[in-house]
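Dropping the structures in below, format is structure tokens.
After this come two complexes, each holding chain A, first together with chain B and then together with chain C.
Up next, the complex of A and B:
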């Protein structure tokens, strides 16, 4: 590839990062509105996420706790943006290569570790407890999620997310993975894993505002909290996109041409919104698990269901 | 764009996104649940309750303060990131209210930390609290809610008042110890 092609590609990736952040901030506001409507309240306006970030970034004093505290946030936000660039969005592939299903899994661990570094540097005991819980949660939800991913890889005989999306869009909606019987089970498992990834109730154990004073975020204020909110916004988009790419065909309904691209993008947007809304509705209906209950839930029941789906898929393929 | 225009935008954002940490002293805390939940729903205006002072913009003092609590309130206030605002509820924070002759409560909160808005009443109704928030939004928009700048400017004076209140308690404790010793 010559220099100009690389330049164009990186410009497109940066544009995508901005679009992802925009959608994420929109989702933060709309999500608060949805939760408010479930509570029979009016709720904030849908653009509340943008106002909050603007306010936090325009704070006059910002207290830092050393250079690790400063850099850890950049670490998180760049990790999640890189993961976003590797995911096919509405059938548009940016950096997709072979084996990127594994790569994305590793990239999704980077932000959590960055988050842990920053919270650890603040030296607050609540942050320490929150980080410990966040890492245990990561360990918990990744096992069932990885098993469902392996089931997908066996069925489609590939380790590339882009290829999985492509194979799911050959016959339109009817060839989505979620309409194949074993993957209905796998999608249910992955959706609960997604609930843990998004840190919504009943799995908001790491942040638990009334229990450990918002956990890892306890010492973040001003610009730092604003950056953290941007990270949260993008992570919503990345995690829901991961689910949509694996089970809902990445929102691809048409092939070829600009019109198809736009249509696919809109379908992708609607699908991630539906997945996010589902997770919010679960969030409003349940109280919080304790950490060992969440761990048992994922490693016992979820892992068993995921393994059943895996064996079923293996039997189908043979 | 000039600096004034930017700060105008910042004020516009700041007024629609007031995150508060409510310091539940006295009886005012019981008036907050109706303000937060579906009856009055202050999240309409972007007001949310935050877990720690680092994340918050508004400090809500909900009732009388003993001298020992004042120490913690000052710590919480100093941990908040400016621009920061203080709303004081109830007559106890203005002139001591029904605790006007108590030996261990402070009478005027304004002497120790800068208060932007007082809400009168014993206790104020939720409507009054909502009204105070709306008034605070208006003041922020006009750039008149400058309590945090006042605290910076007259820091020595505020510190002196705080020290006087704290030392008063220390002296009393010492006397008590002496009496017990006798």
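Up next, the complex of A and C:
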């Protein structure tokens, strides 16, 4: 690959990083609006996310607890942007041909790890408990999620997300994974795993504002909190895109030409919005689980359903 | 030259027995430089021209009527790369770790000598002799702990291992009438299969594969850290060296496949490896003793190598060898860091530690990097290895192994954070300790270096194992220095690194433009109130039974423990022995009656005839 191609690719990735951040912040505000509407409240304006982040990032007092604490700031936003760069977004492959689903799965751990280190270095016991809950949640929802992921990989005989999206868009909407019987089940399982990933109720155990004072975030303020909010915003886009890429063909409905690109982008946007709204509606309908209930839910019921889907797929492939 | 290397280690082992602790450490370190040079020299045989001294490749040492045949093979060279470099670093660490010279250095040198012998053995007899020497020298090092459980379990399991390996070698000798590795041809009949299985079981004991791991938690948690670093990092790989030898170089995998036509025995090895990775990970994060946690983590991480050998495809075996190399270094660093922490604080229990990282930042940094590699954070070499293994499981459609492996990978985050938070972060409980001595810090950073090299160039690692894979009749992967390509996907480190650089820009912008002040913990969440006012009764550190909610669910499933099954076997054997003892009473009168009865029966038989 020559230099100009690399430059163009980098430019596209950077542009998408900005778009992703913008959409994420928009979703934060819109999400609050939707939840408010369900609660029969007026709610904040839809651009509240932008206001919050701008305010926090322009704070003059920033409290730090040393260099390990600062790792949270450095790791969280860079890790999540990195994960975003390795996902195909609305048919644009970005860097997803250079990595695969396992890479994205592990890239998603970088911000979590940085965040955990920062929370640990804050010395606050609530932060420690919060990180413990976050890690246990991670262990819980990853089991059904990886089983469905493996089902997809075995069915399409690839681990590359770009390739999975490509294979799902051969015949337009009808070849999306969600319309294949075992993957209907798998998608339902993965959607509940997504609920845990997004930390929406009933799985908002790690933050749990009323129990452990927002858990890991308890000691973060000013620019640190602003960065974490940016991380949260982008992670909404990354996680919903992961779901859309796996089961909804990445939102690809057309091939070739600039019109197709725009159409795919719009479809992708609508799909991630639908997935996000779905999780918000579940969020408003449920109270919080306890951590052991969440663990049992994922490792018992979800894992069994996911295994059924996996065996079904295996049987179809063999 | 080669005989000089072996002889100087032997002589050094004797000398270090008598000299003082500092001189002993320096001698041991100096002596282990020569094998390192030889290692670099042999690298030219496999396409890496580092230095050229022309150290001979094979040698035959006649001792007491037998000759020990040694030769460097591609596989031996690759395993030597992960055992020999550990040694000087560990000696550097022990330079300030030990207060007196009480037999650590001589046996460590013997362990080094015997591991060089094992990986260079040209015939099974030499292999077995050095294997026994390694077992004995490491047993004497375990014995220094004076812990009954550790010593007994290591002794029993080592004996069992030696017995199984000897059985396998005997059967192979019976079939071939030769012990030379180059002329061994394992026959595909019941005897051949028994030989292969008993050899693999014998090696699995050394490489702590579940359920033969039962000795490891005791030994790893009771012995000295420098030794455990060498045991977990280096000596445990010798078991996998043996497994590679039997399965691929002596084509044991093919023999098993042809013998069991309907059943895939390799799948069973992969399942054992996966269960080992999964169960050990779950047990690891429930431990309170730092060393026990690392022991279970070791069992889990070594399980991945068994998965790779079990799957047996080029992808899987490359991943397994890569994982073996990584594990040698990161686990050595972690055990040494545990030693350094204990050297300063005198505590092993995570619930009693906390905040050590603020006062020991370099130890923390080395640990952090080792843990990044352990938890397979992308762009570390740990990720490349795990990635190859995951790919291979999907490629081979092992639907049982793949999810278990992946979830064990997630579980690794849990126990990693247990160490990072419980020991190094959290409440600042040790405000008055100092950083570990310089030699310890230097040792840890030296061991981190190889991991850093293969972080950027995972392709070089695949180049290094190229000849070893060819010697085991395994195809090599399509790769260059940065990109590994498989039939399923590709992994490009340079793309990840460049993307990371770009993604760091906004973070660094925010980081640089922030005006901040660094504040003590007391100044923030305690609002100036001091726990001392309450006689330190308020716990500020969530470290005791950290994963309590999950422990209460999964804990009961592991309640009896593997050792209890071995104890059941022991009780059974004891009952049988007791029954036998009723006959062999030890009284002369009883034996006289037995003899008389026997004669009477014989006479009766003659009369009846």
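Simple rule for what comes next: the second predicted complex is superposed on the first by the 316 of 318 C-alpha atoms of A that agree within 3 Å, B and C clash if a C-alpha of one lies under 4 Å from a C-alpha of the other, contacts with A are read in each partner's own complex, and residues count from 1 in each chain.
Methods note: a contact is a pair of C-beta atoms (placed from the backbone, for glycine too) under 8 Å apart; a residue touches a chain by one contact, two chains touch by 3 or more.
Please read all numbers here as calculations on a predicted model, not as lab measurements.
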Applying the touch criterion given at the start, work out whether A:62 contacts chain B, chain C, both or neither, answering first, second, both or neither. both
Report for A:40: first if it touches chain B alone, second if chain C alone, otherwise both or neither. first
Taking the superposition on A as described, I'd like to know which of chain B and chain C A:283 touches: first, second, both or neither. neither
Once the structures are superposed on A, label A:54 by its partner contacts, choosing first (chain B), second (chain C), both or neither. first
Thinking of the overlay built on chain A, is A:201 touched by chain B (first), by chain C (second), by both, or by neither? neither
See if chain A has more residues touched by chain B or by chain C, and give me that chain. C
Looking at the overlay, what does A:220 touch: chain B (first), chain C (second), both, or neither? first
Which chain A residues come up in both lists, the one for chain B and the one for chain C? 60-63, 218-219, 222
Contacts from chain A onto chain C in the complex sit at residues 10, 13-14, 17, 57, 60-68, 70, 73-79, 81-82, 85-86, 95, 97-103, 105-107, 109-110, 112-113, 116-117, 120-126, 128-129, 131-132, 135-136, 138-139, 142-143, 146-147, 150, 153-154, 157-160, 163, 218-219, 222-224, 226-227, 290-292, 295-296, 310-311, 314, 317-318
So in the complex, the part of chain C that touches chain A is made up of which residues? 355, 357-358, 361, 364, 368, 375-378, 383, 386-387, 390-391, 394, 397, 399, 402-403, 406-407, 409-411, 413-414, 417, 420-421, 424-428, 483, 488-492, 495-496, 498-500, 502-504, 506-508, 510-511, 513-519, 521, 524-525, 539-543, 546-547, 549-550, 552-553
Residue positions on chain B within touch of chain A in the complex are 9-10, 13-14, 16-17, 37-38, 41, 43-46, 50-52, 54-55, 57, 80-83
Residues on chain A engaged by chain B in the complex (per definition of touch): 32, 36, 39-45, 48, 51-52, 54-55, 58-63, 209-210, 213-214, 217-222, 225
